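Here it is, the structure in full.
Per-chain residue numbering starts at 1, and chain names A, B, C and D are given in the order in which the chains are listed.
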Amino acid sequence: MIVIMKSGSPEAEIARLSQEFSSSWGLTSQKIVGKHKVVIGLVGNTATLDPLQLQELSPWIEQVLRVEKPFKQVSRAFHHGEASEVVVPTPNGPVHFGENHPLVVVAGPCSVENEEMIVETARRVKAAGAKFLRGGAYKPRTSPYAFQGHGESALGLLAAAREATGLGIITELMDAADLEKLAEVADIIQIGARNMQNFSLLKKVGAQNKPILLKRGMAATIEEWLMAAEYLLAAGNPNVILCERGIRTFDQQYSRNTLDLSVIPVLRSLTHLPIMIDPSHGTGKAEYVPSMAMAAIAAGTDSLMIEVHPNPAKALSDGPQSLTPERFDCLMQELSIIGKAMNRWPQPVPVLV
Amino acid sequence: MIVIMKSGSPEAEIARLSQEFSSSWGLTSQKIVGKHKVVIGLVGNTATLDPLQLQELSPWIEQVLRVEKPFKQVSRAFHHGEASEVVVPTPNGPVHFGENHPLVVVAGPCSVENEEMIVETARRVKAAGAKFLRGGAYKPRTSPYAFQGHGESALGLLAAAREATGLGIITELMDAADLEKLAEVADIIQIGARNMQNFSLLKKVGAQNKPILLKRGMAATIEEWLMAAEYLLAAGNPNVILCERGIRTFDQQYSRNTLDLSVIPVLRSLTHLPIMIDPSHGTGKAEYVPSMAMAAIAAGTDSLMIEVHPNPAKALSDGPQSLTPERFDCLMQELSIIGKAMNRWPQPVPVLV
Amino acid sequence: MIVIMKSGSPEAEIARLSQEFSSSWGLTSQKIVGKHKVVIGLVGNTATLDPLQLQELSPWIEQVLRVEKPFKQVSRAFHHGEASEVVVPTPNGPVHFGENHPLVVVAGPCSVENEEMIVETARRVKAAGAKFLRGGAYKPRTSPYAFQGHGESALGLLAAAREATGLGIITELMDAADLEKLAEVADIIQIGARNMQNFSLLKKVGAQNKPILLKRGMAATIEEWLMAAEYLLAAGNPNVILCERGIRTFDQQYSRNTLDLSVIPVLRSLTHLPIMIDPSHGTGKAEYVPSMAMAAIAAGTDSLMIEVHPNPAKALSDGPQSLTPERFDCLMQELSIIGKAMNRWPQPVPVLV
Amino acid sequence: MIVIMKSGSPEAEIARLSQEFSSSWGLTSQKIVGKHKVVIGLVGNTATLDPLQLQELSPWIEQVLRVEKPFKQVSRAFHHGEASEVVVPTPNGPVHFGENHPLVVVAGPCSVENEEMIVETARRVKAAGAKFLRGGAYKPRTSPYAFQGHGESALGLLAAAREATGLGIITELMDAADLEKLAEVADIIQIGARNMQNFSLLKKVGAQNKPILLKRGMAATIEEWLMAAEYLLAAGNPNVILCERGIRTFDQQYSRNTLDLSVIPVLRSLTHLPIMIDPSHGTGKAEYVPSMAMAAIAAGTDSLMIEVHPNPAKALSDGPQSLTPERFDCLMQELSIIGKAMNRWPQPVPVLV
């Protein structure tokens, strides 16, 4: 921690502060006297100190800068510089998420509509190579008058799709009161973008055992996102996957959000946790999904989440951000080319005769 | 609702869509045939329709535009173009928030630290003219390792301050599980910026009777903010105050957030709900608070929330965004000049002898 | 300047760097050895050093932080902590812009349309109390097909309005090739938001004598804005006024830009230059202009720029961001209330009989 | 163009407007009467109309929406739905930029420092497969005190590098006064991000013959960027390449800008112009460049611009965003894997014996 004093700070005040850093926090002060300003370096256990809290100590403090990162358990250094893996048991066997494993594809509809629809979608995305089915039972909606998801009954439909296909299930938790029954069905519990800093929810979901998918908030900095993940690890659950889903910027005319693919190399250098990219929410338009999915693989993502929605009765339908199963089949072929070039494509399982 | 078709859309598809709008939603279609594009106007009950849902009906749809606003109960029109008022009972008597009432000042520390501190602060801010004491029992903190508030015990201290001074209490609810005990102490329940779109929490707090202060999310559009308020009204609670506390922009070097004072005239034209401005979080620095508080009054705010923190043991202390009681006294004098010029300053209560 | 080394930086590399700082830039290095990291404080003449340039010196450097501000002549300290004033001669006498002078109001249309219109507008805004007429001869337009201003002929019309009313003229320079003829008419030369970092233009306009109004770029940080002003002062022209006109954020639905009034206290603490606020471009809607103009005065602005457009033939017309002369008259009455409360309203000049 | 009237608009006003649309602009009005609002569709030649201009016609107009795109010559439709190509003659032969051509790599230092440095860099990047050398003679710098480029003398050094290697030259034009001498050396003239809306410069550079690289402004919407390109085509120069170089968002801590790769599919659908991606400025850190360059190819970019800086005297040097020639060699190997998978990698030229 570095404390920059304002020009003209009295010597006595600097001495008082050094004394206080020592007596209140056991920190050693080292002083650098510049032409106009004095800078105090604090040596000791500063990781849990809040720069704003230190700044309150004196009106002569201009700025307090953190030299160490504020996160610990999620940091790459905490895992000795290595990537960690999140292993998720599914009926079809364990699936590994991580830098040293093949790309994992998650696919499915925005929300669970009915049994036929969800089971059929599950079959189609499984056939195309997905390992997980996504689908919302509880849906965060901007409007109180919009469809809020079928709730508990949709959980039953997800269970049916899981049984029919053996796919793992990813579904969003919005309310801690639903945690127990949701965890019975979900293989991975999703915390949505709007709840990324719902710290009460993070503490509760971090205290249970199912792996967690933590979506980045719409205007969350990378550091805030990692700190939200730190809440989960600090609560006891190390099985966390980070999912980028587009951030909010000044331009929303063509692409609804701005998919921030540079998080891939940035997160790789900062954390050991596996990375997922969601190009469907990231762009908001089906036609932009394929190229962003390709780019995500080339940039090194560990997994992809792609919205797929069947619409047998309305053959012309496209949906603003969902792919049809046919387009998804086709996309998986395209992705396999990049996936193989990157050595991240799953090997076909040999069929025993 | 207006549906813009892509150039070259087949006539048959436009006919099919018109048929579908009619049969599925009972909407009448009116067609405008332009040089390159056809535009379909939908007439009927479109308020609860989701533009994205309509867009899924055909790949030939370029865009769906909402002509009506998506919010209803919070809209100014719903209140016949008039401002509403929120009347909050406090031990010192009812306090009225609204466009036709004097400015209400809320003041107090970020978090409740101990009894002496909170009672003393309450006394000081009351003497200066505040009607409510703010103070956090549960604190949303970016880091799991930072002080999370004293929780339930702090609620007791707020009750003590309320009893000692007669001020109303505003404190933040982060977890629905704490609602009951928090509502015993709070006269106004605050929903913080990070929970503005925690829809589960909104539904629950909207279903109880205490007035609610809804802070704007850090990157929430005005429309999303009003829709969050709509959740509260739709759940049954009409006593909602909207609080602007700074938004996140590209520049965070000097002012931590960008206080968006233009929400005042914008909200005034859109909604009947009372408005509060929080220049302390809005700027993040005590020295910028006074001029932003002055500006907020001149722009027409109904109330102000200002952080005040006593620090008797550390006389030099200033705090990055909290005012000392002395500076707050002084600020109230300055505010009274603008408040009187705007005819929004409370009349001194005549003292009976 | 502070150099933070990565964890595990070799001692030899730190020694090599200290040697290089000394031999290449004559800087003394002071080392703080923390638990994990070493921090080097550089003492000496660091004002013109570029942190990025220093960072290139070693791959072991994690970050280089500037302790001193990068601007000099525009800094408040450069003017001994006092506000400066910009005195602009006009036919009606000198007008003073600055913290210790009454508020100066600039008004007029977006662009100069014809002589009758501009002279009539000048008369109306003068009668209401404006000291300067604004009006564009050269207009920056997003589309090459949109009206680009009447150019040189419009300059003649501005000269006519100046002669008819004695008002000072503010008009925008887009091309250094037009500087000479524009400077013949303009009393203040405006550099628009889109050219705030057109450094070639800044150097040329800074090298002439007319006062300059420097509008903030749509996504310019306060520091970048001050550095653009520094270009002007470094080129020799100290008569610079800074004009905030709204920044670009994620929400553009109701207010076209976000008027950042917190620049007023921030600039006050950083620079001695006078401040102008433009609520017309800042909000993009006439109905939001009055409350933002009131707020700007309460926050301490030195001047206001307000769009006024007469439209006698179309009596119903309002214009999205322009006020009619009638509304402007009325606004000036409202502003005088706040202006007087702030002691910033011009005294009426006694009329000699 | 669609005009949405406010609730309660008088019939007479709607009739007056329709009359005015017809008499002033020759537009036919078609009316849709909804439950609360009337919508007017304008049919005719609306492409060059400004929505804001229309909105000024009546205070009863709530909003004016453009149905047609505001750009014409840059639109994909203008080129019959096909991609265009920009062919640039270089000493080594013509280089083709476009969707149906192999990826073109541009590399070189931020600024031209001296002859040895620039010629050596040119040799190295040519050997690795680059077709163009980039290097700044005139440098836009935030600070007037920072190195502004060697100017005209640097142009001579670029000419020397061109002669020595046969590479094409890309260098930035900041001032129209330098156009002639810069065009003697440059094979492609770069307009930088800060000048994207310097319309005077766009008109002048659009009126000459050399191909133009138009960088996206830091906070420019895609539509503004395309309109800036429209200025160039409208001025007569069809050889324009669009370069994304990172946009400004709320998070600048790890990646300096946010590289917006979703522009690739968006631009592909909107325009026929070739696309370049600059991951060096886009991220601001050399270590993030490789994965973003890979991603750009997978997303379908037509070319890449990568900063390479040799530093033979300081072997440890890395530079915050520049690659060493060695790292660039290595990167080109990595890129070839993705480039080949995408069928966008240049075939080796057969050597004739």
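Criterion: a residue touches a chain if its C-beta (ideal position, glycine included) is under 8 Å from a C-beta of that chain, and two chains touch if they have at least 3 such contacts.
Fair warning: this is a prediction, and the values are worked out from it, not measured in the lab.
Note on connectivity: the fewest steps through touching chains from subunit A to subunit D is 1.
Chain pair A-D has a twin interface among B-C, B-D or A-C; that twin, with over half of the contact pairs alike by residue number, is B-C.
Farthest from subunit A, judged by the mean position of CA atoms in each chain, is C. Rounded to whole angstrom units, the spacing between the C-alpha centres of subunit B and subunit D is 40.
Centre-to-centre separation between subunit C and subunit D, using Cα means, comes to 28 Å. Multi-chain contact residues of subunit B, defined as those touching 2 or more other chains: 219, 248-250. Of all the residues in subunit C, the ones that touch subunit A in their complex are 2, 4, 7, 30, 32-37, 39, 41, 43-45, 65, 67-68, 77, 219, 248-250, 252. Interface residues of subunit B facing subunit C in the complex, by the touch rule stated above, are 219, 221-223, 247, 249-251, 253-255, 258-262, 264-266, 268-270, 282-283, 287-288, 290-292, 294-300, 337-338, 340-342.
Those residues of subunit D that touch subunit C in the complex are listed here as 13, 47-48, 50, 52, 55-60, 70, 72, 140-148, 174-177, 194-195, 197-201, 203, 218-219, 224, 227, 230-231, 234-235, 248, 311, 314, 316-320, 322.
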